[in-house]
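So, here's a batch of structures to check.
Here come two complexes built around chain A, the first alongside chain B, the second alongside chain C.
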Partner chain A sequence: MKIINIKENFSRYPAGRYRADGPYNGEKFREELLMPALSEAINKGEKVKVELDGVRGYNSSFLEEAFGGLVRSSKFMPSDDLLGKFEFISTDESLIEEIRGYMKEAASLATQ
Partner chain B sequence: MLFHYQDWWPLAKLLTSWALIIGGWYIVHRAALSRERRKEKREEIDKIIEEIRAIESIAIDFHNSKVFDKKVNSNITLRIDRLSKKLQTPSTFNIPTQLMIELRKSITLRHFDKSDFSSPAQRIMKGNPYPATTVDALIRDINFATDELIDSIEYSKNTMFP
Partner chain C sequence: MKKLSKQSRVKLLRKLRAARRRSYRALLRERKTHSSAPNENKGLPISIPAPKIFDISRNDSRRNLTKFLRKLRTRFARRKSYEITIDFTQTEKFVAAGTLLFYSELAYLKQLPNNGTKLRYIPPKNPKAFEVLIQIELHKILGIRKPKSKNTNKYDDVLNWKVAYGNVVNNEHCAPAIEAYEGQLAEPLIDGIFKGLAEAMTNTVHHAYADIREDGLNHKPSKNNWWMFSQARDKELTVVFCDLGIGIPRSLPKTHPSLLDKLRSVFGKVDDHQCIASSVELNATSTKIPGRGKGLVNVIELASKNGAGNVIIYSNKGIYKLAPGETKPISCDLKDSILGTIICWSVRLGKGDL
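Right, the complex of A and B next:
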């Protein structure tokens, strides 16, 4: 299983949606960590485990761009059931629910 | 050797009196302890409500601000994170997670990043994605999400710690 620990592999201070919003934004996280990890996991028939703890808070814009953006990107189609490819770990259950919500929302918009 | 009624009756009376005294003390002590715990929980909840109102106020000032303030942006993110963790502490409350999500979304999803932030002057310009009315709607959403969360916490407070 491919593991992404946001605190260790990305930053303790993720913030912002686009690259213009700061060094550790959602767009950068999606393109540099999430997409390669997902590609590798899909090729190997594995899942991606995303560990969210240890970070000084998440903005909704970061989460939406990273995970909703992943579904929107042409590289991964919603039909691949992206949500099922992920396992989220966090002491804050609301973050996991929020991420799943963005992924489902993006998938439903893509199929419309 | 046989005990007569006259021998054990004073002893039984003495033991009964002591049992009543100790039993009474125990009941009163337990009630006082329970009242104290309820009071502590209610005070803790009041502090959480104060914090939610403070976050609401800071968030509204942030969204109405003429310039994007990175420090306030980071501070809001951190305070929402702490609040969310606090509300999900087991055995403390029974707040639906969706209410916490709605609060975070209402404050940090739109008009929260530098690339997405507009000053009041920009808001009245043609073609701006965030005219004043949109910011007003965003603030109404923040008010609504805050009130919903506080109502739920108040309900828990009154049912779990009356």
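Right, the complex of A and C next:
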């Protein structure tokens, strides 16, 4: 299983949406960590485990761009299957729900 | 020499006095025709008295502060190079939000291109107020030497003022000011503050500087500047964030034009505080366009979700306040605009439990 620990592999302070926003933005996280990990996991028939704890305050722009943007990128499968490719680990259940919400919302907008 | 009679002496003295008065009046007339402020033409320093209290939460203190800031801006705009002395003699109290507004405005004015205005200040008579100015390092913005004080390290709550600033979305800048209170604040509260700051920074970068600020300077900064203060006092941590952009009431119609039309159909005239409230209430379900923002949901999370802190948003004339655990905010407009947005989070410091 491919593991992404956001604090260790990306930043303790992820924030912002686009690359121009700041150094640890959602677009950069999606393109440099999330997409390569997902491609590798799909090829191997595995899941991507995303460890969310240890980070200071995920803001909505970062999460939406990273995970909602992944659905919008249309390089991968429909969102229901895409959600099944992820295992989110956090002590904050509402955070996992928020991420799932962004992915589902992006998928529903894409099909409209 | 013939000695003058008493009557003649009085007559002569009167004539001399009248001549002096005439020449003094002529001098005044001459100055008035050349300049409204005599010191300007002579290149002498201009002194601007600072208000007694730096606060934006009340009409009277806000009026004094915004009037003072307007004077500063006018002086900066009028001449390319001369000296301004800010006179803090009568200043007694610095409230975090009002002080941050002043600090940000000065930093903004100092960044104006081709402006060689020199700034200095006369310290407050009040020793604690003087310590605040030293602690926030006002001298660094002004480009002067650090003033000497007899009361260094005397006031604990003054030592706890911390400053951060930047122009991108990056919580690393704010981390030292917030993480100093780890152990005294529950983790969700620290997270709540970081979330709020990240959201505020994102809004600053995306929307705040979309147009020219209505401050008369006709200047659009090349960078999306923001400033932050944190202050621990009476077992309460206050974190304040400021941008000197166009304010939520002016950015809302640009980001969500249909929402403003809806508000107009309900209220007729839309006040600034109503724009703030609407901006807070925007959420993922109401903005179906990716990248158009999720409102200020994260900004108020400390009060709405964690139920442990106060959140106040000041934008232009509007104030929006949400108390811990409350769902209904209190909001209103004050008389004067701060020409920007200030967000203020405050939480009780304790053992770190919620």
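For this structure, a couple of remarks:
Note that in this section the second predicted complex is superposed on the first by the 109 of 112 C-alpha atoms of A that agree within 3 Å, B and C clash if a C-alpha of one lies under 4 Å from a C-alpha of the other, contacts with A are read in each partner's own complex, and residues count from 1 in each chain.
Rule of thumb we're sticking to: a contact is a pair of C-beta atoms (placed from the backbone, for glycine too) under 8 Å apart; a residue touches a chain by one contact, two chains touch by 3 or more.
Only a predicted model underlies this, so the values are computations on that prediction, with no experimental measurement involved.
In the superposition on chain A, A:106 makes contact with chain C only, while chain B stays out of contact range. Touch criterion met: A:72 reaches chain C, while chain B stays clear of it. Contact with chain B, but none with chain C, is seen for A:97 once the two complexes are overlaid on the shared chain.
Shared-chain residue A:51: touches no atom of chain B or chain C. Once the two complexes are overlaid on the shared chain, A:31 sits clear of chain B and of chain C alike. Shared-chain residue A:23: touches chain C; no touch with chain B.
Of the residues of chain A, those at positions 13, 15-17, 20-22, 56-61, 64, 101 touch chain B in one of the two structures and chain C in the other.
Contact residues on chain C toward chain A in their complex (touch as defined above): 168-172, 175, 190-199, 201-202, 205-206, 284, 288, 290-291, 293-294, 297-298. Of all residues in chain A, those touching chain B in their complex are 13, 15-18, 20-22, 55-61, 64, 91-95, 97-98, 101. Those residues of chain A that touch chain C in the complex are listed here as 13, 15-17, 20-25, 56-62, 64-65, 68-69, 72, 101-102, 105-106, 109. Those residues of chain B that touch chain A in the complex are listed here as 73-74, 77-78, 80-82, 84-85, 88, 97-98, 100-101, 104-105, 107-110, 112-116.
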